[in-house]
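Structure first, then comments.
As written, the chain order gives the labels A, B and C, with residue 1 at the start of each chain.
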């Protein structure tokens, strides 16, 4: 095996293959502080040990999207270093909470392979899993990417497209049993609107905008030890399609989620991701705005203190969201839209 | 109540009103490391657990201005989201020291209200207080801001302008009893000049300059969970008065304080703020310089190991301070001045 | 002594002089997280407590170059504030590992002084040492700098040029006894190539490129409390030789070391620095590439689980390293080269 990793190409993957990803990573208070500084997140549960203790946890858990980005970052050198496009996510569930000091290891299993008609590329689908030092699964999700072939003439594997759920069923969402909202303080959380106050179809403009600088997205993406080249190497990107570095789509998710505090202050915990599309790229200097729509309101099994909301989170570039920019009648996204995310949160009732 | 916070307008405030601010925040080693990286602060007490232990504390306390910014940041969504101008500070006292792991909650009491003649705005004065997880007050200060009215025709409250001290009396300054300077090591601290070496009227040029980038002030201000829009949203600010984002005035204070190490290396602890004016805005790319003047030298009650210095800290933009730029004979600030801060520090004697 | 530090000039140094540097510094998880975010380092030993424990340590040690930069940074105000050039390093040995929570103090001993013929400057050579709170030496190294004289007519000291080893002898390298590679997991570390797989003369292109922004190098250099003015003050530098801020050479070392993961994933521990030259300056916006050459392969005394590799690490600016840019036949560096570092690493066998 070469000492330098040039990444896997489409023909290197095998259906059912299991991949252990480097580098195991201990998430610390340092990562948490940096995540707040990079995103401006203000959710009380992840900001305050005292608040987390009042809800039954030992300390503030790590932000779910920080966990996601760390696990995702590990998978890049093996799964998507030669990817042309990150096509989608599905069936993500956040299971055990992660605390500062926990060490995460990521693994992936290849669950789908399908060569494209051009024979230049193929679709690789993996189920990736993050496990803590006790062996608990903290996160599992599916993503699929279009990966280059090293050799267009390499034989194609038997095509296999996995069956994926359109959304995680509410019955499969896991709110940590220790986390209870019985003594929830809405003043400290920031806003009084709880689960029952949100109606299906309701749309919320998150009002604020956040401009992203090169140093910021690069810091974030390096913090996740994500090695996708397009985010870091201006020398090469200056000769590429856009002439500049692409901002990691996960940073857009985190910024949009942080903006969503203004309207969803009590959406303390991410439970799952049903799907998501990075509709258009973001570049440094762009300002992210966001709005949300309530897609579904569901009970959580065995819980009377909390419920689940299924939300669409839409982020735009340089476009305030008072009129909820999304798709036209033909189903094409508005030119301002950069992210369309479908996810589940837990909220006190 | 709306799910989205659009902030309070002048007519929303009531004299005597108490406001509990979101989001409670645990300050960690991550915040401390980031604060050093953002400001370049080199004071030994906040940099070294060993040094802090040699002075009687259990570990290095959190920088006083980091505490100030965290408490201040919490107040923004409720007090100054619709502010036109941050007019002043007074009567700030730093009380119990804050350590990594402590959680701060901020509250404010409205102590002054006065509509302006235009009826478009009014002055709101609040006393804000930061409290730790044990209920100890760590910081209390007064600030007043000019806040927009939602409706110019809304009736004006009875005008009330609180009586504020021109300066915190030295007798009211609190140096934590556990913190003693008996075994103080001037070599590790950086410089031998102690309390008795500073004369009233003495001026010190801090010599160095620090340029501020967009990513830096935005990281700092998000770390404080300060949501003032002018610092973050280039899309909106590009259409505004200055065409660009304003740097949070508190970041200027922190940079100037860090620069003041060169001349005031033994000013280990901030005890109080008497007043302060953000004389002019700073924008990214500007270089901050600073100088100090000794305004007063005072004993600290019951302490023979330490004394207090009252200092004027002046920061300029793109202007070295060898000739102490300040005000002209008519009392107008030099065009280079961006900050004029009057504060108390503790220094070993 | 003046309250403001204007740094030592050549005639202020005395042979044999010992200098205790301010500011003692506790390195925390915050610094570690920031270091990863600034450099993108992915070595498993410094990223994961679990991985470090599997190798016999109590937790992940602090990255050796972060330790180096912190110790180096302390020496700047006393040694090189008036330096014209940082000429070289030698005889660096990393001894006891450093863990988050450790406090480092730096001292230097003047071991060489030699006025230059111009009488405007002189060469100062110091042996600098970093010591932890238990009194263990964690790092010792020699560096020499060209320092301005305050007064060209000041008398020159007796010239003394210390004898320095061309390289640290392998017999003098210290791999912490507690750190053993018996249960080393190459999958988690990232790559299977171990000590015996590297041949003397072998060259490795690290493939990736990393662009550096102003905010990034300034954050890093302030995190190290390094006060060299050329890195921070755009107002002054805009009038200087380059018209802009210079990036701290140590940041280039750290970026190149992080890039070297791709090809040297198992080079878990730096043991020593034999020499190094900052061949050309790097400015913000430049993209760093790197390649390595194996100079020597040595056994480590008493160890059958690990061996040492002596490596040349070359970093370039805006120049991919597939053809290993270095020197021409006359011995002159290629215009793209910015760093030429000669160092020892430990690797499992």
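To be clear about the criterion, contacts are C-beta pairs under 8 Å (C-beta built on N, C-alpha and C of every residue); 3 or more make two chains touch, one makes a residue touch a chain.
Computed from a predicted structure; not experimentally measured.
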Practice prompt. Quick one: superpose chain B on chain C by CA and send over the rotation angle as a multiple of 5°.
Written response: 120
Discussion item. Over half shared numbers or under half: where do the identical copies chain A and chain C land at their interface, same or different?
Written reply: different
Worksheet item: If you average the CA atoms of chain A and of chain C, how many Å lie between those two points?
Response: 36
Worksheet item: Where in chain A do residues touch two or more other chains at once?
Response: 28-31, 33-34, 100, 213-216, 219
Fill in: Residue ranges of chain A in contact with chain C within the complex
1, 3-6, 20, 22-26, 28-31, 33-34, 77, 100-101, 103, 105, 133, 213-216, 218-220, 222-223, 225, 227, 229, 232-236, 245
Fill in: Complex contacts: residues of chain A adjacent to chain B
28-34, 36-40, 42-44, 47-51, 60, 100, 187-193, 197-198, 204-211, 213-216, 219, 262-265, 285, 287, 289, 318, 320
